[in-house]
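Note that chain A is present in both complexes that follow, paired respectively with chain B and with chain C.
Up next, the complex of A and B:
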């Protein structure tokens, strides 16, 4: 390769030179911020925090020791994971599934040729994208009935299914934007070439454009999954029995010693980190792999 | 003839109207629902040891849970328990999400307008505060203008703030409230006197005291949906409540769950004593 000062070696002049394009910085960062930040953390991140937690009780004043608090956490751990965290995972899975299906449809509606559909889809997307998640959750919780009576059968709707629905709304709106963006990011020459080959609009979309979009939609989609998972403890404010709610109840059953707060909440942090961290790493790796070659 | 006919019509009309009225008053919806599906849904506390809390395997246990079991057993239906919080328990009952509520609720006049609170009351507790000995509280008035920690949804938060001008800082859990007390974010923690007593006797709060006289000794009431209060369900629960007090079952449960014996239950038992018993 030819020797170019400033590119293949240190610059020999302090005059401004054109730097080579750094492909990892060339893409807009905002869509993937959470995953990139999380994946950028080293895997041992929780450890110093745990060490800090070990130091903390030295300042505590009561006869109830830190050892007893950790012992209590150990006894409650199987229950918190099985009946608590598993619920968070189930809620995030289902909300993601519903949000993705609805979001894909809404995203395609956003690029419809019929103005009315396009504008409505745009409005719905913006509405749910820009509302606080907790407010959406409250509205869904209070607006939906707790049971449906069809004839003689009573179908009860448990709170966690309402939480799934409530969380799927912002996911739907964000997936809708991802789909719209991905479709519009395919060079317009593809549309023109396909049209020249006598494909109709539906064929172009399904057979040519969307297959190219799937790959570039996967990383942001996983990014939203990580965000959603970390948002599931919001449901505790609505008394859904997930890990934060159950931890509070466990603390109560252990006589509300304030010493319990740090071990229990740290445990929640660690378990969420352990779950979301691999997802974030994978997301960033896939993103690099699927990056559009410029 | 005409008169008789008129009188007869009037009587029939009167009868019809009275039956219609009582039928409208008592549809017994909740009772019928429980019986037809063979299951009663009871709202209980999952965060109020020892009345309603979870054991390590996640089952709901406690004094009020035992009471709920008694109810289901007497009715011959299955029991489903829904954990409620002080802030949502009355809404759950109003909405019909739960059929019965046994959830450490103080029987207050404003609450009687919203849910059907059953007589006789089954327990009682007063309001007091836990405060560092160093603060040296002497009387309730000392709280004026000072931050006082409490738990969301407790009725006495409002009373303490209105009557004594305390600034209530309400937390979702008692552990958080107690941590705030320890961090000196507030000068006292306002709660049930019986809970404070058990904390003080645990030896973990040696630098703290319960310096004031308990106030608002307030009976607790279980509740049914408002429409059911004077109908089958309400009358049935009144019977349950009476038997619990009269037979000493609640005193038994109190002992089982390690609650300090209250004069209230002993007095009620004495009052309702069977006159033929020796």
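Up next, the complex of A and C:
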């Protein structure tokens, strides 16, 4: 390889103009990295996991045979999918729906002409975007009551609805940033041209700016959906019934045989991969398709 | 607080349609317009020429209140543009503007680009606007391109759609901001022909341009700006041959 000072080795100059760009500063770590990485994996990625799932029980001691371990896994699979993973999907759907609606509103508030609204929206966005998801979940879990008493009727709030709410908060904040970024990515000349045609601000935003950038919001939005889905097992720490919680219970029901741990958790990884991988592939494809110059 | 309703004197067509008085505009420290005054009469075609950064485009943007001025006065049909009580939307209905980069709405067809403002801003009847839009597109010699998206049109074609879009609002004045500067030499002519047609119909036009031959042919009056002031002005016949100021002469010698 050709030796280029400053590229393949440390620069030898002290002229500031030739110093290399500080790439970590120039480009913040992008959320889209998750989808790009996932989509870049080969489709056979889960095969080693599947192999692990089936081979690990070979380590079984005499007391617990390979056949018994595989049999246990086989028995529990339908239950784990139907009563477990399905809940992960439902939680992710609902959290995404709430987060998208709230995030769109918050994102538009971030570009409001009223400074108080703009700053508040910015603060809320930054707060929820940069907080650890688990902490948000715990706060929501503990801050919300477990039941509402209105007169004589008692409405109980199940844990999983609180989990949905807790997960929708960081989604809201990240969607807010997507909306703000997309609106600001439309060249300001579009605003100028619309203003010159006597459109008012609301008309410009809804009729001219948003229709142009809605497409480029879709890939990052899907990216956040994949991240959210992969984050739903966090709910197991709050005892919400989903796949990880149920797997743990299943292993306990099988007398906590240590041979079962790796197969069960490998299965969880495989099923998440099977669900998120197509989404990531589609996300990256759409991203390329929509990467049009205005 | 007493609110005295100051009724502006009614504007009559014998008065200047655009009256610019001692306009000063600075972006922070950078003074772009130092002291600009001139009048434009109805039906007049005025060309503003001058070196880059001399404030030509800024002046046009001040006329339809896209950017505020620091001091001075700009009146359009007797209405003070600088006034805090200005109805910006009413002003912009009277003043059409065409930009260097066309700025068509990329998600709308040529026809929709032309129809949008009359339908949604003026709330005019859609069928009427559509008929007018077809007429305007024919006028800018683009019949057959009604359903093309901006991305499917050449620069010159896009610019002519932009002119039609602006005309659809039935403006009294048209501002052209270096409308041919981003075009290929072959397509410049088709845009200039369109503007010439407009001027011939009696539209009041203010053009910022680098096309000296065109300015000479079309303008009733030419203003030369340099560093925020009008250095020299006159009708094209004398302006190009008989420039007094050394700065004008230098500029013309470089460009002609």
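Some notes on this structure:
Going forward, the second predicted complex is superposed on the first by the 252 of 294 C-alpha atoms of A that agree within 3 Å, B and C clash if a C-alpha of one lies under 4 Å from a C-alpha of the other, contacts with A are read in each partner's own complex, and residues count from 1 in each chain.
One rule holds in what follows: a contact is a pair of C-beta atoms (placed from the backbone, for glycine too) under 8 Å apart; a residue touches a chain by one contact, two chains touch by 3 or more.
Here the structure is a predicted model, which means the values were calculated and not measured.
Of the two partner chains placed by the overlay, only chain C lies in contact with A:190; chain B stays clear of it. Within the superposed three-chain model, A:64 lies in touch with chain B and out of touch with chain C [touch as defined at top].
Once chain A of one complex is fitted onto chain A of the other, the partner contacts of A:146 are limited to chain B, with no touch recorded for chain C. By the document's definition of touching, of the two partners only chain B reaches A:260; chain C does not.
Of the two partner chains placed around the shared chain by superposition, neither chain B nor chain C is touched by A:126. By the touch criterion defined above, A:248 lies against chain B but remains apart from chain C after alignment on the C-alpha atoms of chain A. Note for the complex: chain A touches chain B at residues 61-64, 75-76, 79, 83, 146-147, 154, 239, 241, 246, 248-253, 255-258, 260-261.
On the chain B side of its complex with chain A, the touching residues are 37, 46-49, 53-58, 83-85, 88, 95-97, 172-176, 178-179, 182, 199, 202-207.
For chain C in complex with chain A, the touching residues are 64, 66, 88-90, 92-93, 95-97, 99, 101, 103-107, 116-117, 120-121, 162, 165-166, 169. Against chain C, the residues of chain A that register as touching in their complex are 189-190, 192-200, 203, 207-208, 211-212, 294.
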